[in-house]
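Just below sit the structures, each encoded as structure tokens.
Below, subunit A partners subunit B and then partners subunit C, in two separate complexes.
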Partner chain A sequence: MSERTLRNQSRDPLAVEYSAALAGLSVVPIATFFAAFVVGGLTLAGQRSLGSTILGIEIETVLTALLFVAGGCLLAISVGSRYGVIETTPDRSAGLGVASGFGFVAFSGIGLAMSQTFGLGRLVWAPLALIGGLTVAGAIVFAREDLGVTVPAGLFSVAIGSLVLFDGLTPAWAWSPAGFGVTFNGTVLIPLLTIVAGLVTAWAAANAFEGFGAAGRQAGAFFLIGANATLILLVLLLLIAFIVKNGFWYAVDGIEIGPGLNFHWPFVMDGYDVVLNQKGIYPAIIGTFWLVVGALVMAVPIGVGAAVFLTEYAEEGRFTSVIDIATNGLWSTPSVVFGLFGYAFLVPRLGNNTSLLAGMIVLGFMLLPLVLITSREAIKSVPDEYRDASAALGVSKWETIKDVTIPSAMPGIVTGIIIGIGRIAGETAPILIVTADNPQRSSAPAIMGSFELTTSPPFIVNEALLSGSSALPYQLYGAITTGVVGDDPGYGWATAFVLLLVVLSFYVIGITTRIYFRKKLQA
Partner chain B sequence: MSNSLRTSDSSDIENPTAGDGRSPVLVAGGATLAGALLSFLFVPGVTVFFVLAFLGVAVYGWFVHQEATAKGLMFLATISTALVLVLITAYLFLRSFPAFEQMGLEILYTNGDYWSRGDDRYSLYPAIWGTVLTTILATLVAAPLGVASAIFISEIAPSWAHEIVKPAVETLAGIPSIVYGFIGFTIINGYMMDNFGLTSSGSIVVVGVVVGLMALPTVASVAEDAISSVPDHMKDGAVAIGATEWQTIKSVTLPASFSGISAAVLLGVGRAVGETMAATVILGNVMQLPEPLYNVFGNTVTLTSLIASQYGNAHGLHMQALFAAGVILFLTVMALSITAQLIEARVKQNLGGEL
Partner chain C sequence: MSNTQNASHDPAESNRDDRSADAVTQTTAGESQEETQTEWTDYEFRGEPKLSVDDLDVYYGDERALQGITMDIPENSVTALIGPSGCGKSTFLRCLNRMNDRIKSASVDGSVELEGEEIYQDGLDLVTLRKRVGMVFQSPNPFPKTIRDNISYGPRKHGDIETGLLARLLGDDSGEREEKLVERCLKQAALWEEVSDRLDDNALGLSGGQQQRLCIARCLAVDPEVILMDEPASALDPIATAKIEDLIEELAEEYTVVVVTHNMQQAARISDQTAVFLTGGELVEFDDTDKIFENPESQRVEDYVTGKFG
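Moving on to the complex of A and B:
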């Protein structure tokens, strides 16, 4: 059922048309919220100072103006709605949730002002703040919904605006709560409070936009939930953009192409060598490559095999539930615990030193539950018709599994494996404990060239597999702990950039294949 | 094909009688693999012989009795997942036992003088408290935001927004913890010192928020599964009596998926407890309690960052104390994971029964 039909149902069918005044007044606070978010965000991030200007107006003034405009619009709506100038359909009360929210704000505001600004004792401020908070909450509960939503939100915004306007809160203002060793500065609080007030007024405005009532509450809630989703997107984009901005140019510095097939990318193709003045991460890239290959060799056959057994052969019962608990337990076991396990179990048995092989096995153990869970889901989602059709043709169960079930489940299995690779390629803690030895290596482990046959067991030895190595995430950790980042921050950012590029490309490939196959399945 | 008339299900039943030649192969395979494991545990030098023997048996079985061999191998694969967990438990407990024995209950709580290599005294109290504080903060971030994004993804988002937000949340889970740690170390720590007047690099509140951001995708994806598994007919009832979408979500969908959502939050808490690198890099890892205890702007250590920052120069009882930290982490996370699974199993039973 579409959103629109729902909305119309919930309203009084005779009063569907709301005035343009309401729409106009309630859009303004939403717009000012976005403005406050952008301007305040830039100020918080240190890109602009409160004293600098935008379009010739000081930022402090801009933020104050936004607070007054948003609060004023809400108060106008409340007056208009109360006296019937603006037609709305409010419920009898805004409800306990809204009341306790604003009550808590009033309690904290009064309490902080009394105890910190006026220095009153606990016995004085606590009862006063409690009375203030309860009064606000009670007033909201007993007021009609339109007033209960807009008046406190508008007053909150105007109150903060007045604090800034009348110099109750200036950029130079500072507050150090006793015993915490922290100082809250006006430079941080002004933009922060503006954004918070902006969010509250925008929520109230979204509520008013739909004329309050059930539809209004839905608009308010959807606004908050949508804002949260946007915030998460924004955090992700900013994280990636920040790392690309800081690391990209360092990483691609000095690339030579030609003549002919000659191609040299110093940061990616050189080791770390102080004598040769090379600062590259080639050994770490190769280390991560081999770790991933080793983990795949370990985990994929075991994980897929177990998934097939559990879905196709095992009866649902105690056995499968024990395996379920074990798998999910392995999935949630902290990576550092895997590292400790490898240190106690593998390192003493594999030459008593940190080694690439130990890292492969530990990462394989970490990858195992991921592969198992996703493969099991994939095999389960193969329709039973496929199996029945194959069985009806007289094909044995194993042949069916081999030729029908597993190939049909392949997209799901492969997607799970790809995303699993993305996860283990970025794992640091186990590598740190079982594989790492020297964070700034000049040469990469030569796995392929190190295989040797011997006459005594274990007959095949590989020196490179049994010695330590670096890996991309460890390279970054090593750069932080050995102080390389302090001297040359670009090196750390570039390493983070390459690591992120490697890990996220696995995620992007994995997610894209999944969407592709799902679309294909639906078509 | 010799068994062309068999249906897929009856082949299972016929196995015992038809498979006279197969059982020796299975027994030999199992025995050689058990030998390989045991020898790896006690005499690693001879493991290779057992492995070769196992490979020989497996290859022989594959060509002679393919189905039985495949089934046997897959069974072994299934067992080995549980075995890995058993091995982890065994080795953590074995290695940490002396520390528990020496310190007794003081390893969990003691007054003053927590950590001294000179006196061989190792109490994990500050690290446990640090983990508790960071986990509470992280949960305060991850639980509301994660559940809100789960509601957005499964109930509210139009399809274009769904196609953007769901992969984005997954990608957020993919950013390696060391990258978060690096940003926290280079940018946020300095920012907090400049703008909040902190005197030392690293504070609990920064770790809490960063770890909360990292636990958010776990909460979001598990809660989304729970919310979208609420059957449509339950929601349709609410819609039929004229409820808005939000009223339906608030009074039908969320209460019905409440257990699933709490399982999601528990799993998120588990992620936050076990998060290592971000805490290690951001915190100062000083073995002290914040002053006062609830001072989230103070500097301390967590169980995970204790292990990661000290394992390198630890020996004897010191190392065993680190293993004890691992045991506490492992038990906490396992308890959370098992509780979450029990809740999910019950949800499946309750909601599945009505379908």
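Moving on to the complex of A and C:
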């Protein structure tokens, strides 16, 4: 390391040139990985077939070429580093982790080839594969780090490429392992293996980019962790894109704007009515809205209040730990059990039919533990200095909680509520049991209009609260399973799309609130 | 030690009596470990004793953090508490406004009188006590609110300022009083010049030194008589420290200031009298600052202030 630094400082023209070569050779596999990821991903997602072309080249050829280029670069680095042409600072060995990883790959590859392609019995292939795997692992352990990282990764990439190039693996290839009801197709395996090989070569290249050693291992790890984080984002985007693609046009079909303020969006603003030939989900949207609002009204005051009590007043001890355990247990209770409880306990007491109110209460129970847990954490993380400062001014505990602790904890509390809304808005099982009557309703529950004052207790009644309702997840479930809507898959997709929009708009409200509270706390 | 509240009770006189009586008990009941303790002569105040501490013991669980502390803190002056880490000076300070109540394992035995009134009596109103005895902490801890709200927080909570909707309906002129209060406290804390144009900014945007002066202003807003400061400048740079030190000296004209510091030069610069605590929670010597630093009675104090240990 020190030698390298000295060289760079003395600006030895050769050293600069060689480090440029290393940078170039190690950037290429990372670039090819991204290309393979995009092209292979498109193929896996069914957007392109392996036979179709990109920029005039067949996709199968593109993937193969990427494999060879990445593998070739790595092998070039290994040769250059081995003979000192490229300046690197490798350790003595790549380590047991890398060795066992590549050893396992070798074991699996040899084993599969022996047993499936050549049909050898397990007494033959198992020892051979084991010997092969151990040899690879041993070679990596005893080789210097630069070789131990780049050579196996490069060879792996080239091997997969050769397999495709020499038709060992073709799009038509299919393999059904005996006693396992899944068929592996070449159309899936080729892009998948290309992406995996790309990941391995890109990791090795990131390692080489920093010249191996501690810095190299760190770069390799950063690359893998970064790839993980990106993958999470991609899963979300894929999910949303899939639903939008399938549901968007159905959902926005028939929107009329004007004349004047006249605006009509049939799918969102109509009920479901066979006679009027309306296929809308307005009742379900309103049902979900009221369910979420009702659950929040139920759960937030109780949850935050309990959190304040447990954190600020109750002494840490058996009582609080029992409540903690109970809260965590409540949080992990399956939602259908909540639904069953609501059906057996609440429904008979609330007019003996499924109702919106029962759904609100059950969802409130489900939301309660999350609000409690997150509020508790948020209140715990308020610095004790604030409490000390307030106490030293002679301010009572309750005033301190009201004016200092809770405002400081507000962003955390709101975060918990946001997560909770995401959960309950999409909850199907309890709704199915305690709220739903007819999945495809023609009219929405009119909560605001149903409040009536009476002269006798309870003085205020609301019929709509006590009658059944639909909700978006339940409507979706109905559309998928019961076939009430007939052969109309777009209806289900569009419902999912609107459900996503409703949940996201609750998120937007929550996140805006959180930003507001954060702003108030920050300079 | 008299905990009874007597209308004709003259705090100064009675305390002085207590004081000399204690000097006697201290000499006779000298435990073996206190043998090294020099019998520092009874200290004559220049003013009235504001706080009078008598045989104060503090325990954290079974561990004794303070041993029989007896001292009188004079009015309108700066009293410095110095000593090595873990000697109990901060614990002692927190006894004076009963902040130790907030630590569950802490128990206090003995007497602290504020102008002759026992603060460790049953049924004492902590709100009034802490309004009269304010505190500034080691690291600046302004609330995450605006500068204005930080200062008006205390008075608002004590009902001295009401600016809510109700107050407006009732025609209260608190808004104006709040402005005056904020200006007065910030001026007293020598912060007005720097922040007068951004009172509605969040206090966390101020620098550390400004935050600490804001904390002092916040403390002044509830009109305390005594201000306790727990190493108020230890988290600050030298320039901010100098400002805080000047401020402390100014404040002593109106308030009784008790400052804990581990910085002996600081104690020598700002204080009128100095109490030296040494390991084990004992008060070794309490006298005029000049005397402590130039000619202490106790050899241990001399060793400490001249830097031989600590």
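The working rule: the second predicted complex is superposed on the first by the 426 of 523 C-alpha atoms of A that agree within 3 Å, B and C clash if a C-alpha of one lies under 4 Å from a C-alpha of the other, contacts with A are read in each partner's own complex, and residues count from 1 in each chain.
Assume a residue touches a chain if its C-beta (ideal position, glycine included) is under 8 Å from a C-beta of that chain, and two chains touch if they have at least 3 such contacts.
Predicted model only: the values in this text are computed from it and were never measured.
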Which superposed partner A:F451 touches (first subunit B, second subunit C, both, neither): neither
Subunit A residues touched by each partner, larger count belonging to subunit B or subunit C: B
Touched partner set for A:F104, first subunit B, second subunit C, both or neither: neither
Touching partner for A:A391 - first (subunit B), second (subunit C), both, neither: both
Partner chain in contact with A:W249 - subunit B first, subunit C second, else both or neither: neither
Subunit B versus subunit C as contact partner of A:F263, first or second or both or neither: neither
First, second, both or neither for A:F142, with subunit B first and subunit C second: neither
Which of subunit B and subunit C A:P383 touches, first, second, both or neither: second
First (subunit B), second (subunit C), both or neither touched by A:Q522: second
Touched partner set for A:F34, first subunit B, second subunit C, both or neither: neither
Those residues of subunit A which subunit B touches in one complex and subunit C touches in the other: 390-391, 394-396
Sites on subunit A touched by subunit C in the complex: 315, 383, 385-386, 388-396, 399, 403-404, 407-408, 520-523
List of subunit B residues in touch with subunit A within their complex: 1, 3-9, 11-12, 40, 44-49, 66-67, 70-71, 73-78, 80-82, 84-85, 87-88, 91-92, 94-95, 145, 148-149, 151-153, 156-157, 161, 163-165, 167-179, 181-183, 185-186, 191, 195-199, 213, 216, 239, 242-247, 250, 267, 270-271, 273-277, 280-281, 291-292, 295, 297-298, 304, 307-308, 311, 322-323, 326, 329-330, 333-334, 336-338, 340-341
Touching residues on subunit A, where the partner in the complex is subunit B: 1, 3, 6-7, 9-10, 46, 174, 176, 179-185, 187-188, 214-215, 217-218, 221-222, 224-226, 228-229, 231-233, 235-236, 239, 242-243, 301-303, 305-306, 308-310, 313-314, 322-341, 343-345, 349-350, 365, 368-369, 372, 387, 390-391, 394-398, 400, 402, 419, 422-423, 425-429, 432-433, 457-459, 473, 476-477, 480, 485, 489, 492, 496, 499-500, 503-504, 506-508, 511, 515
Footprint of subunit A on subunit C - complex, ascending: 97, 99, 102, 104, 126-131, 134-135, 137, 139, 141-145, 153-154, 157-158, 201-206, 215, 218-219, 222
